[in-house]
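One chain, subunit A, links the two complexes that follow: it is found with subunit B in the first and with subunit C in the second.
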Partner chain A sequence: MNANGSSEHGPRQGASPDSGSVGIVTPQDYTFGSTGEGIELESGTRFGPVTVRYETYGTLNAERSNAILVAHAFSGDAHAAGYHSPNDHHAGWWDSMIGPGKAFDTTRYFVICSNVLGGCQGSTGPGSINPETGKPYGLSFPVITIDDMVKVQCKLINHLGIERLYAVAGGSMGGMQALEWAVRYPERMRSVIIMAATSRLSAQAIAFNAVGRNAIVSDEYWNGGNYYDGDPPARGLAIARMVGHITYLSEQAMGIKFGRRLQARADFGFDFEDQFQVESYLEYQGDKFVDRFDANSYIYLSKATDYYDLGARFNGLEHAVAGCSSKFLIVSFSSDWLYPPYQSKEIVFAMMRQGVDVSYVELESSYGHDAFFLEIERQAPLVSSFLEGLDG
Partner chain B sequence: MNANGSSEHGPRQGASPDSGSVGIVTPQDYTFGSTGEGIELESGTRFGPVTVRYETYGTLNAERSNAILVAHAFSGDAHAAGYHSPNDHHAGWWDSMIGPGKAFDTTRYFVICSNVLGGCQGSTGPGSINPETGKPYGLSFPVITIDDMVKVQCKLINHLGIERLYAVAGGSMGGMQALEWAVRYPERMRSVIIMAATSRLSAQAIAFNAVGRNAIVSDEYWNGGNYYDGDPPARGLAIARMVGHITYLSEQAMGIKFGRRLQARADFGFDFEDQFQVESYLEYQGDKFVDRFDANSYIYLSKATDYYDLGARFNGLEHAVAGCSSKFLIVSFSSDWLYPPYQSKEIVFAMMRQGVDVSYVELESSYGHDAFFLEIERQAPLVSSFLEGLDG
Partner chain C sequence: MDNDTHARQHFSYEEILRLIEPNSTVLDLGCGDGELLERLIRERGVRGRGVDIEEEMIRTCIARGLSVFQGDLDEGLKDFSTNSYDYVILNHTLQVVHRPDLLLQEMLRVGRYGIVNFPNFAHIVNRVQLFLGGRMPVNRHIPYEWYDTPNIHFCTRKDFQVLCREMGYEIMRVIDTGNGRRRLPLLSNLLSTEVCFLLRGTN
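Let's look at the complex of A and B:
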């Protein structure tokens, strides 16, 4: 079972890169802006310097017209495909979709993925050192939004000398970024692929994020976000991750995977050793997450998804998408109850009313929100034929 | 919006008891068994002494044939109806259903409600003093099950001199108890009313309980359950309650009640004062819960619901209900995603295959699991006509 944007849960392809892999990749950094410069955030604050960690797969053609930007989900990173070393056992988070002959075919396209602003996997975030103080930002890091993530990505795309992207694509929070790209920079891409995403979170989805944030700030090691010198709020972050994991899977998927089986016993022992498999799975996922994710990033990025409300910003989704000139592929998954299909349809209907060129597919899947990592067999042909169709 | 079994969230009927109220009620205690006696738990452990806190409404008739046992939900208590004093502003948790002229009509029926074994509202639970040590049990309290709760209730019913109940009724965990009554003591009741319940929790429902328990045991004040001398694990318990609350409501109900409105602002301020109404609601509910609930009870009772698997115990639900001789009313709610309608139907189909007299209604409701507190207008006539029909 995959996690939401977790690179270590990406499709495992064995100990060594296989034939469909992009092989060994090396992350790169791009830094722009100095203090007081950088970018103007949606809040009005000017913020810099900003470092963007990114990876690329495939080759940019001479016309610079074959670049596809892939945006990652909440807990993802810039490592979308391939391996970091010959001994790396874990492929990038969307390795099943990116590589030679895959949906994002790296023999044709130049694929870029960058870690988001506010993240903790190489791009500037609350755990980064504030050059003015020499200490981590912590909660002095500015509140950032999906729009801000996209503005930073645009700086990277400019830096790479790409005027017009072939596509912007992403799932979940990555899909929100793709949608924001389409609205903010309609001339900068030919196409947009949005999966398992939403133009605004439901009250329920905000509520789940709120529980996660509460778990973090309730941790005895939280210390107002200033924990970088000592132990992090690991238990709180693990609990936040547990909550997240439940929302990434469907009830059915959990039932199929775990049912009511006990972890280490055939029958109840009626003591505190009794544990269902689903419990130990969640605890394992929670504990593992702590090793690679920063609790402050969890707070900032979850807040960014909560804030996102494209329609509200433009006085209606229809107005928001009115200027979109790209071709769209929007995919939802029937059992996704975090960003349910009706939310994708809201975007689709708004686009249709504005005459935007949009294709919509609701894939029947029992995997829930995580389906965009897992339903590769049906999702990959959709994506590849959509991308190929642009040339037709 | 109601909480799941929370007495203080019961329907408020103003500062003084109104005409349909049972008025002022006084809780009573019944204690049985001494150490090493008491009851034999499902685990095989013998446990005592056991105190049962209970309330009664209406009058037991001379034939002792009009008694209805109402079982409470997870965080409920014995205070199902009326008020504890003239200044009590909060009616019992099912006051909308119990009283003169109400669904459980106290001019006709003698209604009994008791706090469950393992609870923290007067009945013996992990926060009770172990007479052998003079200290609270904490985690030395035995693991208990739904079956054990029912065995304790049966002792109370024996004590009250009632041979055959007119009905056993309950919602959620209360419905599980009603179902268990029907299977364990088929001769002891004429009818059974089961609402928003299940014969076994899904992996997803177990997962939510597991998150709550993790939040509690991760709290710095947890101390292995020995916190009665100091501060309780309040933050952990509050977070557990927040998770619970999300599962008690439907996405739609949360959307209608809170939407994406901010708590204290019209627009985002892009700082940590930004808070959605749904967030402050959950935090309020979490904090308030801590004042009336014991974290250890949360662990024991949630474990009891996780354990419950009637079909597994009898090698199939059909075998479990084969001996049922009462009349059944089973009610589910369309938007209940914690114990979804399909789980009620599993019980109903098993009963139908065994020729058990069962009526089933799935009520269309947007309230989610909490509908059994809230959909009174449509639920009350169902219950009252079912109860009256028994005399026909």
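Let's look at the complex of A and C:
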């Protein structure tokens, strides 16, 4: 993991196309619903039209039985694997897991990844044009939830003519979507893989999200969410991202990666020009993020994760998972303090009490929440074993 | 694992398979690579789950399509519901946990029956090695040196019977094994290399 390297929800850098790559991929769009139609949101509002940006890797078999839906995390996108052009050096966010011979083996499976509702990387979100006004939605975009994201994904899966997915998989916010899929559409998938996820955020995790949102709305350029014809609230969004990055790493990972080293000097100058490497890293991550992410999407998506509480909606997690009929693999990481292992175990034990077929692995890792992007050597064999075990 | 160890393990699997009613539910604590669990599912039609602490073992079980939980038995079974399994198996694991008595208690809370097997420390070879040699026994049944052994709580057949009596558990069956063969219950505490108990809890 280098200073510019892959981290939660950021594209991996420095990789080049290789034999294990899906190669060049072209994003596609699917639009459904007209104004006032579309889907009914959890809030009760009807919303449409909705465009879904998605990518696929591998080939759908004749029986349409080998499709795997991969759900991205908070700031991810539909670009999960491969490259967009021959000159593109940014592989998709889970390129280490998706490709020929990889955990999600594209010689066997047809892998689908779509940008979430409320996002800003091709799917409809607050930065999209409201067809009724001809202007970006901004804060007139409805509040959306994890459940709403999943309903939109289901529309896409229907559109692709897939009755039953081989698997739904995701990490972090993607893991929440995978869990929601299993609860909402239990008959629509054979298996579910949930990594570094939770059925509800802790107060601590909500608190960090709140700081991020505060940074954005305190930026003078935010202007109540109406900034699309001017400068965006770049500083606020960058600070939000910096806070996010702190939560994605463990104390140990930061120590290994940066220690107390200074960025440009050997010794302290005692003049406020000193910058620790960790500061430089956060600055870099913050600035880089501003180029590809919309501040309003940050607000909407972080709010969606805050709202998520599967157990509360069903009067207990056990009731929520009672109807689950798929086979589950739930993976947590020992140093993940954002969505700690005990939160994964809550899901596992609720499932076990309901007789759901679930396996649980707690990988020993120092990477923190980001581990599901980084512990590939140990995570990949688990995932491929699990997928193969389905046919065993 | 050498052939000899494998053969003996295979034998203890056969014994456990015979003890378990078809189509029951089983929790296998310290399930290792999942071979026993897989056979129980295939040959006895059980619905089962394994628990193990080692990542590699868990991965092997997952590849076999088994349902497994990575966990530490020393942390107990507190999240497992009372009477949620017909059988809870502790196969060659009793001697490696910190508090065998507490785990036993948990096993018979979670399961209606417990199956426990372990090497009998009172076997004559061990006695001779300790008594005449004056050293901790090391042989093919307990192949570790005292300083690197994972076996931190050896007990004898008789010790275990006493513990069960004290804890109020009914011993429904005892299967004595001598060098990989079932043997008659004669001078068992002296001549059995391994013993397997079928227990019933008080609830």
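List of remarks:
Rule of thumb we're sticking to: the second predicted complex is superposed on the first by the 376 of 392 C-alpha atoms of A that agree within 3 Å, B and C clash if a C-alpha of one lies under 4 Å from a C-alpha of the other, contacts with A are read in each partner's own complex, and residues count from 1 in each chain.
Criterion: a residue touches a chain if its C-beta (ideal position, glycine included) is under 8 Å from a C-beta of that chain, and two chains touch if they have at least 3 such contacts.
These figures come from a predicted structure and were not determined experimentally.
Contacts of A:361 after superposition on the shared chain: subunit C is touched, whereas subunit B is not.
When both complexes are overlaid on chain A, the residue A:312 reaches subunit B alone and has no touch with subunit C.
In the superposed model, A:337 makes contact with subunit B only, not with subunit C. In the superposed model, B is the one of subunit B and subunit C that contacts more residues of subunit A. In the superposed model, A:388 makes contact with subunit C only, not with subunit B. Residue contacts after overlaying the shared chain place A:203 against subunit B, while subunit C stays out of touching range. In the superposition on chain A, no contact is made by A:113 with either subunit B or subunit C.
Of the two partner chains placed by superposition, only subunit B is touched by A:254; subunit C is not.
On the side of subunit B, the complex with subunit A involves touching residues 41-45, 139, 142-143, 145, 200-204, 206-208, 210-211, 214-215, 218-220, 235-236, 238-239, 242-243, 245-246, 249, 251, 254-255, 257-260, 268, 270-272, 274, 276, 278-279, 282-283, 286, 303, 306-307, 309, 312, 337, 340. Of all the residues in subunit C, the ones that touch subunit A in their complex are 47, 49, 55, 58-71, 79-81, 84. Within the complex, the subunit A residues that touch subunit C are 327, 329, 345, 348-349, 352-353, 355, 357-364, 378, 381-382, 385-386, 388-392.
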